[in-house]
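In the two assemblies presented below, chain A is common to both, partnered first by chain B and then by chain C.
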Partner chain A sequence: MASATTLSQAPGTSEGGAPSALPPAAPGLFGFTRAQGVALLVMIAALIVCPYFLYPQFLMKLLCFALFACAFNLLIGYVGLLSFGHAAYFGMGSYIAAHAAKVWGLTPEVSILLGGAVGAVLGLVFGWIAIRRAGIYFAMITLALAQMVYFFCLQAPFTHGEDGIQSIPRGMLFGVIDLRADMNMYWFVAALFLLGFLLIHRIIHSPFGQVLTAIRENEPRATSLGYRTDDYKLVAFVLSAGIAGIAGGAKSITVGIATLTDVHWAMSGEVVLMTLLGGLGTLFGPVVGAGAVIAMQTYLAPFGAWVTIIQGIIFVLCVLAFRAGVVGELGRLLRVKL
Partner chain B sequence: MLEELLFQLEMSAPQVVLGLVNGAFYALLSLGLAVIFGMLNVINFAHGAQFMMGAFVAWMLLNWAGIPYWGALILSPIIVGAFGVILERTMISRLYKLDHLYGLLLTFGLALIIEGLFRNQFGSSGLPYAPPESLTGAPLDLGFMMLPKYRVWVVVAAFAVCIATWLIIEKTRLGAYLRAATENAPLVQAFGVNVPRMVTLTYAAGVGLAALAGVLAAPIYSVNPGMGSNFIIVVFAVVVIGGMGSILGSVITGFGLGLVEGLTKVIYPEASATVIFVIMAIVLLARPAGLFGRA
Partner chain C sequence: MQEYILETEGLTKEFRGFVAVSEVDLRIRRGTIHGLIGPNGAGKTTCFNLLTKFMQPSRGTIRYDGRDITAMRPAEVARLGLVRSFQISAVFPHLSVLENVRVALQRQRGGSFDFWRSDSVLRRFDDRAMELLADVGLTTYAGAPAGTLPYGRKRALEIATTLALEPTLMLLDEPTAGMTHEDVDRIVALVRRVAQGRTVLMVEHNLKVVEGLCDAITVLTRGKVLAEGPYAEVSRNPHVIAAYLGSDPGVSGAAEVAHA
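Up next, the complex of A and B:
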């Protein structure tokens, strides 16, 4: 299970954006280092304990966004591609799952998977267009393409424009478990999140993932070793978009509404913020970042535009002062890879 | 048949002019982005926010200091440009050695802060800003359509500013320094040119261009905190289509895409919001470096 490729990962700060100052640690169980294993256990414990102390509604929203941020981190953290349009896949996933559950009456798990599938297909098309350029252009292109999706959702009849899709039924999971009970829904979302999280971890630690890291560190060299880097990037993009779609679908089923907010560029910015705050290219960073951002939004909601201002300030501080993010800095402090 | 065609023309002409006005803003904004990117290697995400600031400063100058439009046209770019100097000196200049993406993220954060502050202060609904009296009056009668004077002024002014910028960069000594520093900054510095100061002033000039566009836009669109972010994403697409290698290229692309957008409003209105993004996708497939870009 451990990483087993011939490519050695160059230590030091990468060119692609994600700082990886730590040397590759000895592979532990299932590709987790010991520190990561401990952190994973802590996270699972938190997943089990938290709903008894915090609102399940809040936690479910948090987990959906955490999955979204993890999907985004797969690209920025491990391939070095900054997609500034991930709201498109999240939002489309959200709309499609909502439509499937409400109008077609499908079960929640099928609706969410459908949302993920549509996100992946959209990612395939957009990724195919966008990977022709790298760096800043890639970011601008993904942003512009996502804006196209936004206008599509504004006009398409099935999204109901400004109103969005409202009162989406949660339905019966697998046709048997009633998700209208908050705790049932919570366990479902928690399981979905954990599956997505482990899937992303598995992708990163597969031979495929090692090639992705090689592309991040030095793309010309990966090319010279015979890898078709564009194909690898595209597959990573599709995976990321698909998981983002699943996160979006889970979010709309959980919260019960799918609106234009989900596809707006501000949402793309938010997922960047979550990942940056938590730590680009760290396993647990996006989860921590999503937690912080969602908590901030929930508890600062009465202050209106201040939320945006504070988000902007966090952006600026993260970029200027602590680029490794919360988890990255913590890892540096404890001298472990998280 | 001919009558029908003439009728079509009459119907579509205002939209085309409106497209040209939008194109003027695309050209000014993408020009500023290209100038900044050339020198700083930073995509200025705050460009839309600075465009919005330009409009708001014009509004404040009028309502708080009684300075009319023409004064604002000069003062607002200077004020917003000075603000740009502060941003560049205190924050952006720290990022030149890092990956370019951090510049994008930083300026995105700055855009959020600026927009949020204005939203707190002025609310989300727009504030009115009247065009100057000399440009109101009766619209020009072209026979087949009425052309509001102010729109004509915007197109002419934007075009003149674009040409002037191009002349400065291509034909003057200062422009030669700029181009040289874009190619090889350490070498130019070795010749005794103060490159960091030039970088700062370039950023200020780019920001000033955005603010100028903002003042021009103030009488057309209502002055509101969100006016820039709507524009900037389209301008990003314009920049990708044109490629940032050429100043003249971004001007032509800006005006051209404005026209195309205007025509789309006539032919197939539903697509008018997305046509530029579609063109971007097509250009990327055919010519990834952009129409005027170098790979």
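Up next, the complex of A and C:
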């Protein structure tokens, strides 16, 4: 439990300070604090403006990974569970959506939802097995199960092994909007991301989320108050896996390919990296983290194999210099919750 | 209505051959404050863990309110009104003081699995939460993160959180441990007040507190019940005095080794 607990310390809420001087937690609008509201507006503005300055292809990929990281953060940041096999849900979502769109000829939104559903079902089974253990054992079980998914995808005929599923048609959104136009696709992905982001925010700020936070903070105490903590963790796990599946599905429809990279354990590591870099347990951290990692991969591509090394160095520096992540440290600096 | 709210029979817990709790028959009379005392390592906390189902007994049965709870899970036992506190102050540090109590009040809704609903529905518990906080003198701290409270206040918050569940039987694990004199007095007064209309079982090291609060006590040593009865009676028991002074004939050998 130790590892998960230390990782889950919400940054920006460090101890100390005169207690009575602190204002009661302002509910704000839709559960957003004022700072979060401002950040949300900035993010929406960026979603609208960015495609006119940056490649929509790059932005779409970024948004898919941002959603993936947000789903992962729901578990580690708000429940204190370190899943080291989230690529399984992302990758299965990716494959299923790809297969549904290409072979079955389903519309993109149905394909992506199907990917999410399969991710959620997989999450239900894997979560049910893994949640009986805590801390490092939990992480190892999730990793082992994800490896099984990887080998399944390597062997199963519909995934086409090393080749993956290629040239996936983007199709017509709701049967009417042609997604082959990059900007149409972009608005669709942006809307999907925003919906997912808001859903996660709602989950955290729901009666359910309140119990989750209590479990993260002190599980035995939550049990002693009459909460069957495993059930809550499992529901959170399923939600996280489902959203990861949707992110994976959106990614394969956007990019047009679903490959073994999506289910590889390195993908599980990447999402940990994104979340840590941005800030565990912060609402916007995973988005910033995903942005940073995808930007590095895209714009440092000319350096070839050096990308991994540069990434590693940045990661080490990040952990050494600001342990709460970029957004976590920013929040601490400005004394707000982001 | 049973006279005894909690009864155990032959309650035993073994850890790989080490017997932490051995054949304990405990009977807690309804509506009393019952103290569980004994030297360090006597098995008091293990006993608590067994009674609240945080640990599974190796042998024996536990009956609560006329019902066999031996095979139940901890969360279920809590829902029946048998609610415990912890030795180390158990609060949710990053939740506000108000939210700490509210999480307990939220149990009234049943399972809170509605992740699609805004947590503003929980505001209807705010008034009751503030009442409970007022009860333990924490009104001014309501908005502060629980982790920033001084130690004594954390214990008070813990009691308020426990009370929010309207427990029939409250188990307090060393409620005054590590406290200053003023804090001890405040907690003693609080326990006495909240014990109205319910039963309290408390582990306590401070014998003054036990003497002032408890209607009956059970003395545990090395996992076994040494004596049971009213404080005045038990405190005169030579075996109990010996156990507390460490000159119990049964362990004198061990004591000599320890002194050497």
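Here is the rule we use: the second predicted complex is superposed on the first by the 307 of 338 C-alpha atoms of A that agree within 3 Å, B and C clash if a C-alpha of one lies under 4 Å from a C-alpha of the other, contacts with A are read in each partner's own complex, and residues count from 1 in each chain.
Going forward, a contact is a pair of C-beta atoms (placed from the backbone, for glycine too) under 8 Å apart; a residue touches a chain by one contact, two chains touch by 3 or more.
Small disclaimer: the values here were computed from a predicted structure and weren't measured.
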| item | value |
| --- | --- |
| First (chain B), second (chain C), both or neither touched by A:Gly31 | second |
| Contacts of A:Ser252 with chain B and chain C, given as first, second, both or neither | neither |
| Partner chain(s) touched by A:Met140 [first = chain B, second = chain C, both, neither] | first |
| Contacts of A:Leu225 with chain B and chain C, given as first, second, both or neither | second |
| Which of chain B and chain C A:Thr275 touches, first, second, both or neither | neither |
| Residues of chain A that lie at the interface with chain B and also at the interface with chain C | 15-17 |
| Touching residues (chain side chain B, partner chain A) in the complex | 37, 43, 91, 94-95, 98-102, 104-106, 108-117, 119-120, 229, 233-234, 236-237, 239-240, 270, 273-274, 276-278, 280-281, 284-285, 288 |
| List of chain C residues in touch with chain A within their complex | 52, 54, 73-76, 78-79, 83-86, 90-96, 98-99, 102-104, 106-107, 109, 111-122, 140-145, 147-149, 161, 165 |
| Residues on chain A engaged by chain B in the complex (per definition of touch) | 15-17, 82, 84, 129-130, 132-133, 135-137, 139-141, 143-145, 147-148, 151-152, 154-155, 265, 269, 272, 276, 304-309, 311-316, 318-320, 323 |
| Touching residues (chain side chain A, partner chain C) in the complex | 9-10, 13, 15-17, 19-20, 22-25, 27, 30-31, 202-203, 205-211, 213-214, 217-218, 220-229, 231-232, 235, 239 |
